[in-house]
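Some structures to go through are shown next.
In the two complexes below, chain A is the common chain; its partner is chain B in one and chain C in the other.
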Partner chain A sequence: MNVIRDVWQSIVRRDPLSTDKGKSELVFLNLWLHIHPAKVKKEHLKIKHTWYLGFITFFLFLILVTTGVALMCYYRPQSPQAYQDMKDLQFVVFLGRFLRNMHRWSAHGMVVCVFLHMCRVFYTGSYKKPRQFNWVVGVFLFLLTLGLSFTGYLLPWDQLAFWAITVGTNIGSYAPLVGKQLRELLLGGHSVGESALLRFYVLHVAVLPSAVILLTMVHFWRVRKDGGLSRPVWKLKQDQAEALVTIGVPGDAPALTVTTAAKDKTYGLMEVVTGKPIFETVTAEEEEDVVFSYPYAFFREAVALMATVTTIMALSLVWSAPLEELANPAKTPNPAKAPWYFLGLQELVSHSALLGGVVAPALMVLALMAVPYFDTNPSRRPADRKWAIRVFTIFVAINIVLIIVGTFFRGPGWALVPPWVHIVAGAE
Partner chain B sequence: MERRTPQVFFVLSLLALVLILAAAWQANTPYWKVYQRDFHKLEAQGEPNSLTKAAVLASPPVIHQVLLTGLQRVDRCTTCHLGVEDPTMKNAPQPFRFHPGLGPHIPSKFGCTICHGGQGLATEKSDAHGNVMFWQTPLLAKDYIRASCGRCHKEGDVPGVPELTEGRHLFETQGCRGCHKLNGVGGSIGPDLTTEGASHRAPEWLERHFLTPNAVSAGSAMPNFHFTKEQARALTYYMLSLTSEDMGSYYSSVRLIPSAGHGRQLFIEKNCIACHNVGGVGAKTGPDLLGVTKRHSPGWLDEQLVNPSLVYPGSTMPVYDLETNARKALVNFMATATAEDAQAILSQRSKTLTPEDAAIEAGRQNFARFGCVGCHGLQLQGGVPNPNAQGGEVPSLLHASDDYTKDEVIAIIRNGKVPPTEDRSKPAPPLYMPSWRSVLTEEDINRVADYLWSLQKKKDSW
Partner chain C sequence: MKRRSFLSWGAAGFVTLWSAVGVSLAAVVRFLTPSVFYEPPQAFKIGNPADFPFGPPTFLADEKIYVFRERDKGFAVASAVCTHLGCTVAYFPSDQKFHCPCHGSVFVSDGSVQHGPAPRGLEWFEVTLARDGQLNVDKEKVVPPAYRLMV
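Up next is the complex of A and B:
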């Protein structure tokens, strides 16, 4: 019996729950309660403060990893086996079609959610001090998500994949000096071929996911360290809001006069660490607004997870991922289109290769990264940052309009064709 | 809300469970399982032994597939079409009916899609029959199925499919290669036809296109050749048979019976009669082949065909590099060869030509083979409409030597020529003389010119 108890002990690594030490260790030694604070403000949990978009993005990533690993068991990154494996998934692998659908819709969903999450963070001003760098990490995660989606796009090795990647990598080759070389490095040749398939596969299943996991850890850790999830601080009582805005500046002694040490209540290391906390703390006045993370935050997150999973499953049950004919380098579809999230870029490229394909996207990414450093206005109240919101809204609107135009309004030869005009497929 | 969170979580989890069960149910109940159950019932009907009957009825559902590794094809058709090789299923309802008249083309060796088209990988009817988006080769309609024979039988007459022979003949004589490339040879005015059989083009479309090119493809530069219905059908057959897949050599490598007929074809192709004779008919350089299979064992003959000088040191017989089944086929032919047959083979050989005649003949063949007649006409009369070119049609070549020197004509063939336009404001004429430099050798071009001049002489002598 001792052995069993010892094994159990070695797994849970805490004293029995009957003791006070065991009860506290249940919290202290718990991974989840370290990613979460022990207690959270009720406001953090309100749906309309965050729409849980960050969580949903992460859950979609979890679905993608799970289904992706399962799909790897059936996939060979070779031509034409890759395409045949797609067909086998569709026709003979048990749940194969369902898995592929889930993977595909989650991937699109993740691109959408990561973008919406970014918008939410901007509109609530959550990138402001001390979270500037976390915003930059987020921009990198956004780019990695696009990279993952783009590399995955080639793997089915059908016409859709082949030409989308051909067009997508062509856009990249417009970059001066290094564009051509970068494209060659990515494709392992001058055009999309078998070596490109293998390279995209390696990027898709090893390199990019590792990078995403690492950066996600940093991203979460910084959220936790910078005061938890976002909440509309500007709605707090005036004096509290002012205090919170200035809090979080290490070394700025006068700013931390909000609460006395007696009223201060932090969790975890409070008996060990002396001195003043450098992040948001829970004041006695706010005590009533605070709930334990377990079960309140946990259950809400679990609900978000299950909602995400069920939505993706329901979609996958009724809506199949596209699979066109086998990739044929000799037969160019007209128009050949990049994946939808790059169609804004392709639209720009159709007007000017250098400006649209290189300058504009580079500026966009740089501008996004620079946002928290240029926007030095400390207030997060929407009324105080009208211009920031206007500029960002225009940026979002331009992107969406360009993507819609590229997706629905471009016909053969990249001519402007409204989607409701049916082009009778004429023979060549 | 807070109090209801666990309930919402519970409901959503239940929903997820239901969804995954639904997905599993969907994946686990494909229609081919129903077909297999019906087939087992059909099989069990006439079974007197109750034990066997129970075993048949209880056989587990499995996917049947024919792997054609050399062709990168997998045919799962027999998952539902379970009776194709079972003669007792002659009157069974589809999809179980026996496939009569297959000869050596057994589905378990040859697959199905090779002739019928469709999507062999699929296990659901609409997908498998290929009537779905993005599958290039839907099931061929009954009227056109025999066209598939030409995918393997690329040479000679195909028994039962005169259309193919006719189609090939028309293609080579009507000058199609002038505009269309086939296996790398031909012009580039029209689309390359090398893989036309796998292009998702409906047979009906092709047939109408041959009758009146403009009817189905507006603005097509293809002239109207005024084909008859039969000719259009024949050309359609030929088009459908064109694929780049090397089916013929794949199947001959897995061929079950190396037939004497195939051996005879090889005998003619390799020109064996130039050295050998059968019962005295033919050349005397090599030994008489009559009864050779009685004098030597098949193994000895096979070795002799692999490397003649190994058996007879100093033998002048060349190494022909034949594959196993081709050698077997030749041996089978030799076993049946007769003097009369050798006579027939000999008489088919074209008579010997003088070197000059040979050059002109070669030029004429080039002229037909590379498709010059497509535009310039079978009798070189020209006359194919070419809107907005001077004269409005492709020029006749009967008077080439009146208007040009031989060197000029050679230069035109070599470099091509854009016809002078009548009206600069209108679109350029659709037809032009392509450059043949990359297709024809200098020698070939000279021969074509010789041929044109030889015609001229004929006219003068009239």
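Up next is the complex of A and C:
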């Protein structure tokens, strides 16, 4: 049995987990886990600080990659094969419908969770110095998430897909100067057709996922390099509020005197420099507030992962992703709606295509990116940032209201209808 | 190396590098622009004049056009593509108007917008008589709404 033990040792190469050294080695000798610190602050493990929304978003992305690769084994991005393959996945392929459902519901879930994650980051003021740039990285991840959903929406090649993408890409062509050309590049033609399907497929399975993976790596790296998560707002005492964020300034500490190491030193040190680090640091009296990542942080993340996967699986057993008739360029369904997260946009567009479809969303995205650079109020305590919170809440509310109006209150011909019309129609 | 020649080599290198980047970007854009469109031709024949009845226009689904034939006035061809966001409009003989299902634009029978978000009226395409006696529609050639082909 020594062989088995030796093989295992050759893989993990750490001390037993019962020891402190083993617990830290588990983290920093492992490529996948070492994005974590060996020890975390207890307060960061509190659910009510992050709601684990960033993690859940990431886990949904993992589900999407896994189920997506499975779906690729049966899917051909051609017309009308694409639609036939969807039918096959639904009725012929073993587990096909279930995998398709999982892929669809995780995609919707990811859009929801990435938005909620952004809200929690905003409300906890976690985009403030030194995290400004990570917020911007986040905004790009948000856009990429929408892009993934949007490109995926076309792939079933049914009526829903075809018209949502026709309407969606026509919105873009209202952009001054480059709109028409951009749309043509995206579609590889003048209207949504075979080349558009192929291009959306390439974006959906190769370009955008790679971009998300790369940016997620940057995002996680920055969370660590910004000093780990921000402190929960309820921990910010009045007098500390400022001290904790005035960081990154050159320190006035005297130069360190470096003594020669003892003979039995077992650590390597790259360089000793003076000055304050750019991230929040743990003061001496906070030392005892930290615990080993193993098992505390990992256990909670595993629970979040299990909960995410179980929820998606349960949803996929109960509800099936829609599949309408084969795409028919001649016949527009009435009403023709974009994917739900763009219905707020479509609502605006139904009033003015240029203002609602191009100017308003562009301003929204720019405003989001500029948030950490405009809001220079250093305090993260909610009491000190009433206006920021009000403005952001209005922004969120407007988006939600527009989406609800577009989804439930718009019927044939985009006329206003009472929402129960859809329930009755849905029951047919 | 002399300071002068270092600077000019540096400048040359800088210009070369950025030109290479620019050319590559242009090449990417050109690569993504199809040289051939495998799309239905923009000019096509739609049949003999006698195939089209008088009265409400005939809808040709694949071509996305409405063919009008009026007594003593002749032929006219309207686009069925809404100028707002490209949905296919439907002609209602009851009120003689085009209704768009997507955001509710309404176009009167000469194609102009009555209400709704559509920024422009429906387009009218040139229709001519081909040598073989068939009607020929060219979607590249937009004509004023008053355009008629007398047969």
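Assume the second predicted complex is superposed on the first by the 347 of 428 C-alpha atoms of A that agree within 3 Å, B and C clash if a C-alpha of one lies under 4 Å from a C-alpha of the other, contacts with A are read in each partner's own complex, and residues count from 1 in each chain.
Just so it is clear, a contact is a pair of C-beta atoms (placed from the backbone, for glycine too) under 8 Å apart; a residue touches a chain by one contact, two chains touch by 3 or more.
Please read all numbers here as calculations on a predicted model, not as lab measurements.
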item	value
Partners on chain A (chain B, chain C) - clash or fit	clash
Partner chain(s) touched by A:Met364 [first = chain B, second = chain C, both, neither]	neither
Touching partner for A:Pro80 - first (chain B), second (chain C), both, neither	first
Touching partner for A:Trp163 - first (chain B), second (chain C), both, neither	second
Touching partner for A:Phe299 - first (chain B), second (chain C), both, neither	first
First, second, both or neither for A:Gly189, with chain B first and chain C second	second
Partner chain(s) touched by A:Ala388 [first = chain B, second = chain C, both, neither]	neither
Where chain C runs into chain B (options 6-14, 24-32 or 42-50)	42-50
Partner chain A, residues of chain B touching it in the complex	2, 5-6, 8-9, 12-13, 15-16, 19-20, 22-24, 26-28, 63, 72, 74, 76, 119, 121-124, 127, 133-136, 191, 205, 216-218, 220
Of chain C, residues touching chain A in the complex	29, 32-34, 37-39, 61-62, 64, 84-88, 99-104, 117, 119
Touching residues (chain side chain A, partner chain B) in the complex	80, 84, 87-88, 90-92, 94-98, 158-159, 291, 295-296, 299-300, 302-303, 306-307, 309-310, 313-314, 316-317, 323-325, 426-428
List of chain A residues in touch with chain C within their complex	163, 166-167, 170-171, 184-185, 188-191, 193-195, 329-336, 346, 349-353, 412-415
